[in-house]
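Both complexes shown next keep subunit A, but they swap its partner, so subunit B is in the first and subunit C is in the second.
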Partner chain A sequence: MTKFKKYFSIFLIYSKNTLSRDISFRLSFFMSLIGSFCFVALNFFIVYFLMQKINIGRWSYDEMIILLGNFYVLSYSIFLLFWRGFLHLVRDIRSGIFDYNLVRPVDSQFLVSLTGGGFHNLLSVVFGFFVIGWGIVNLGSGLNLIQIVAWTISMLLGILACYSYILLIITLNFRYGYLEEVINLAFGFQDFARYPIDAFSKLPFYLLFFAIPFSSLTTIPSIILIDTIFPTSKFLVFSVICVIFILFVRKVWVISLRNYTSSS
Partner chain B sequence: MNKTVIEVKNLKKYYQVYKKEPGIAGSIKSIFNRQYFDVKAINDVSFKINEGELVGFIGPNGAGKTTTLKTLSGLLYPSDGRINVLGINPSDRNPILQKQFSLIMGQKNQLWWDLPIWESLLLNKAIYEIPDDEFNQNINELTDLLDLKDYLHIQARKLSLGQRMKSELLVALLHTPKILFLDEPTIGLDVVAQKKMRDFIKEYNHKHNATILLTSHYMEDVKELCKRIIVIDKGKIIYDGSLEKIVSKYAKYKIIKIDFDNKPDIKKLEEIGEVKALDDFHAKIYVPREESIKRAIHLLEHFEITDFVVEELPIEEIIRQMFENSK
Partner chain C sequence: MRKNKYVVLFFQNIHDFLVYRTRLVIIVLSSFIAPLVMMWILSGLPGQFVNGMSKNELVSYYLTTSILYLFLNSKIDSYVKESIQQGEIANYLVKPINFWSVALVKDISGRFIKFIFGLPLFMLLVFIYSLPINFELNYLSLTIGMLAISFFLSFTLAFSIGLLAFWLEEVWGIQNVKEVAIVLLSGIALPYTFFPNTLQKFLVFTPFPYLVNWPLHKGFSGNLILEFIMAITWLFAFLLLNWLMWKKGIKKYSALGTY
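Here is the complex of A and B:
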């Protein structure tokens, strides 16, 4: 508990400092806020008009709305919590500033992951929740407690799995250096999560390798909210795979640090 | 007797790097075919440092000084050998050890660049779990010593290099570390700021009985701060001992500086020793160390001089000679 308190207070300080820094550059801060509002307006248009024209497999309009809401929550939570920290990490590994993270009495993965929030993305996350709510209201089936708990667990695991995937790519920087573009690509793969797994049934295998895992990060939480019969086996398989993957990436991170060569 | 706080035995750190031919053709070739070779950054280094010692770690660029400090702080894993810092292997990155040392790198900063120093202090307070009263006491003490009271609420990027370096020290020493690894702490500072930084390091060492391992290219730092030096070259220790002893052990010459009444005869002067500098009334001559008295007497007997002094070679010169001999 004390450890949690310590880490939470560090997270709060980093968040406060990041926000203070963002606000101190007024123009940039307002521009990013305006960007977020534009994002919400544009995506509202997409959800309200364009989605009615799209038909994917068994997914109805309202179900696709829920899936899209899940995508916004997942994707922009990653941007909200981790994006800037990861970008800084690539730069800091090259400049050697990352070294300081390794000599502090705090877990280095925590320090590099949760210390560079992008707060303007909060609006997009809130929009995601709004879209999910809208879809559920339109479906008219309501939600029970089990669905809410299972959705929360699956969404948290989904966010962590997605984060772990990007972290896995970043750890390659320790060995190969300067992988900024690859990280952008890793973030790009998130876009597969915009569509349900059914949408990719005709893709070649090598694309499925990327598409299915990302797509499942939103498909499973959406099914939990949509299906009237709780998808127990899908939920369990999804959770176990996510947990294994998250633990695997943690192990890779620890091993990679052993090979860290620092910068002169 | 002081206890040993740092013990290094047969430490080795090898890197694998690849040879790249110059130009774009070399870059393209390196995509398909890379020739790797090992760089022996640290090659079988052993030493012990006692509590409260202030040790200078000196050597040319690429000698292995910074790599040694990084390995001692647990930042890098050794390829081979044993390290023990305060009874703990630093490679374990144990928070108990990490709370007891600080690594300060003169060329890298850990301050929040766009925020006041105060914010970086609050962050370190949380990271090192410093209680409120200790935090306030340390801030008062350190800001007094470092003359930083008026700068705590100014953004790091707006500070001068000297103020920033002092702020780096302030942030790094907030948790009162028992061991300091200082990598070029005075680099880029002007002479006055260098002096202030040295005074502070000395004061911290005395006050807290802190063990300090310092690398620097400025010999003034080493001369003023360190009784013991470790000289490293190509990853190997070539000298470990007191600063005074390095002179008697490695200096082959002494310097005689002379003021003349009249312009001296250069040929006669060259009989005394190697003339390094000469103008109408002053000369600087290198004489073999063991014959310095004999040569000085000869000088007094054969020249009309107003003043003369026999000096040891500057420490920089001795170390330069050491590096040349080790090639």
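Here is the complex of A and C:
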């Protein structure tokens, strides 16, 4: 518990610093807000135009809106919490500044991950919750406590699994040198998460390997909110796989650190 | 014989890009993901036709869009922005070299090398989906002309965005607005047939249709001459904007110390 308090207070200190730095140039911060939010608009218009003309599996327009809201919450929470940390990590590995993370009396994975958020993404996360709420109201199905708890767990695990996946890709920098664009590739795969698993049913097997894990990050939380019968087995399988993956990436991180040779 | 300084710069840029080859491969792969995901979704739908387009047409649309996006979408705004913010631009002010031309050469070399790296992936996908490749030799010169207009239009638009760094601390937000507008309104995310009719008609008068897909979808509005007039008008408008912004911006620019 003391350890948790220590890490949480470090997280808060870094967050306050980041926020005060971000809003010190107000016009720039406002432009960043717009920059983050315009991708929200892009995704919304794509789904809107698409659903006017076609149907994706069993998914109605309102259900797709809920899925889109889940995508916003997942994707922008990662941007909100980890994006700047990831960007710095790649550069720090190259420049040798990463040494500082190793000599501090705090876990290096925590330091590189949670100490550089991007507060301009907060609006997009909030909008994600609004879109989910809007979809649920339009569906008229309502929510019970079990659904809310299960959704929260699945979304948190989804965010952590997606974070772990990006970190896993970034660890390639330890072995293969400077791969700055690797973050864009990692985030690029999130495109699969914009659509439900049903949308990829005709894909060849080797592509399903990419599509299903990402798509399930938003499909499972959406199903929890939409389905009248609680999807117990899907929820449990999803949770177990996420936990195993998160622990696996933690192990890979620890092993990868052995490949780091300071270039400073 | 002395080599032209811009030719030297072109090859120097190519060498610079080739230092991190894995990075280039990753850039190419990243730019293919979004169009391919949409292609897989639409081509996986039941029935032979999706919104009036056959499955083969859809696959062909997204594959050609991917390679054109790689070649025609300029990212020079990032370079211009960083040059202004970090003071590198001061180097060009004291040298007998024009910054606009330097940026253009950098952009040409960058897009050329990305195209070269993207071509094998494109060919592989064409092979996998067994798409026929038809070169319409009758329209070859027309297509090359359109490609050139699209290429320069994209450059001048991105250059204008980059020059905003003279006035703004952070241009990243506006860069995102530009990127989103291009992805949505240039037909990269969805073909125009998915858009409402009014929007389709309105888009002809904006620069977006001429930025990426135009060379392959000439006459999309039913009036090729109007398309040419609009594309050339926008090209000159952005060239003028580049010139005006540079003139005004350079008066505002101040650099401390040395780069």
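By our rule, the second predicted complex is superposed on the first by the 241 of 264 C-alpha atoms of A that agree within 3 Å, B and C clash if a C-alpha of one lies under 4 Å from a C-alpha of the other, contacts with A are read in each partner's own complex, and residues count from 1 in each chain.
As a working rule, a residue touches a chain if its C-beta (ideal position, glycine included) is under 8 Å from a C-beta of that chain, and two chains touch if they have at least 3 such contacts.
None of these values were measured; they are calculated from a predicted model.
J.: Report for A:91: first if it touches subunit B alone, second if subunit C alone, otherwise both or neither.
T.: A:91 sits against neither subunit B nor subunit C.
J.: Quick check for you: in the superposed arrangement, does A:49 touch first (subunit B), second (subunit C), both or neither?
T.: A:49 sits against subunit C, while subunit B stays out of touch.
J.: For A:181, is the partner it touches subunit B (first), subunit C (second), both, or none of the two (neither)?
T.: Only subunit C is touched by A:181; subunit B is not.
J.: By residue count, which of the two partners contacts subunit A more extensively, subunit B or subunit C?
T.: Answer, by number of touched residues of subunit A: C.
J.: Does subunit B (first) or subunit C (second) touch A:31, or do both, or does neither?
T.: Touch partner of A:31: subunit C, not subunit B.
J.: Is A:203 touching anything from subunit B or subunit C once the two structures are fitted on A? First, second, both or neither.
T.: second
J.: Touching subunit B in one complex and subunit C in the other: list those residues of subunit A.
T.: 25
J.: Give the list of subunit B residues in touch with subunit A in this complex.
T.: Residues 15, 66, 70, 73-77, 93, 95-96, 98-99, 101-103, 105, 107-110, 112, 114-115, 119, 122-123, 126-129, 155.
J.: Which residues of subunit C touch subunit A in their complex?
T.: Going by the criterion above, the answer is residues 20, 22-23, 26-27, 29-30, 33-34, 37, 40-45, 50-51, 168-177, 180, 183-184, 189-190, 194-196.
J.: Considering only the defined contacts, which subunit A positions touch subunit B in the complex?
T.: It is residues 6, 9-10, 13-14, 17, 20-21, 24-25, 95-97, 99-100, 102-106, 108, 258-262, 264 of subunit A that touch subunit B.
J.: Please name which positions on subunit A make contact with subunit C in the complex.
T.: 25, 27-36, 38-39, 41-42, 45-46, 49-50, 52-54, 56, 120, 176, 178-182, 184-185, 188-189, 191-192, 194-195, 199-203, 207, 211
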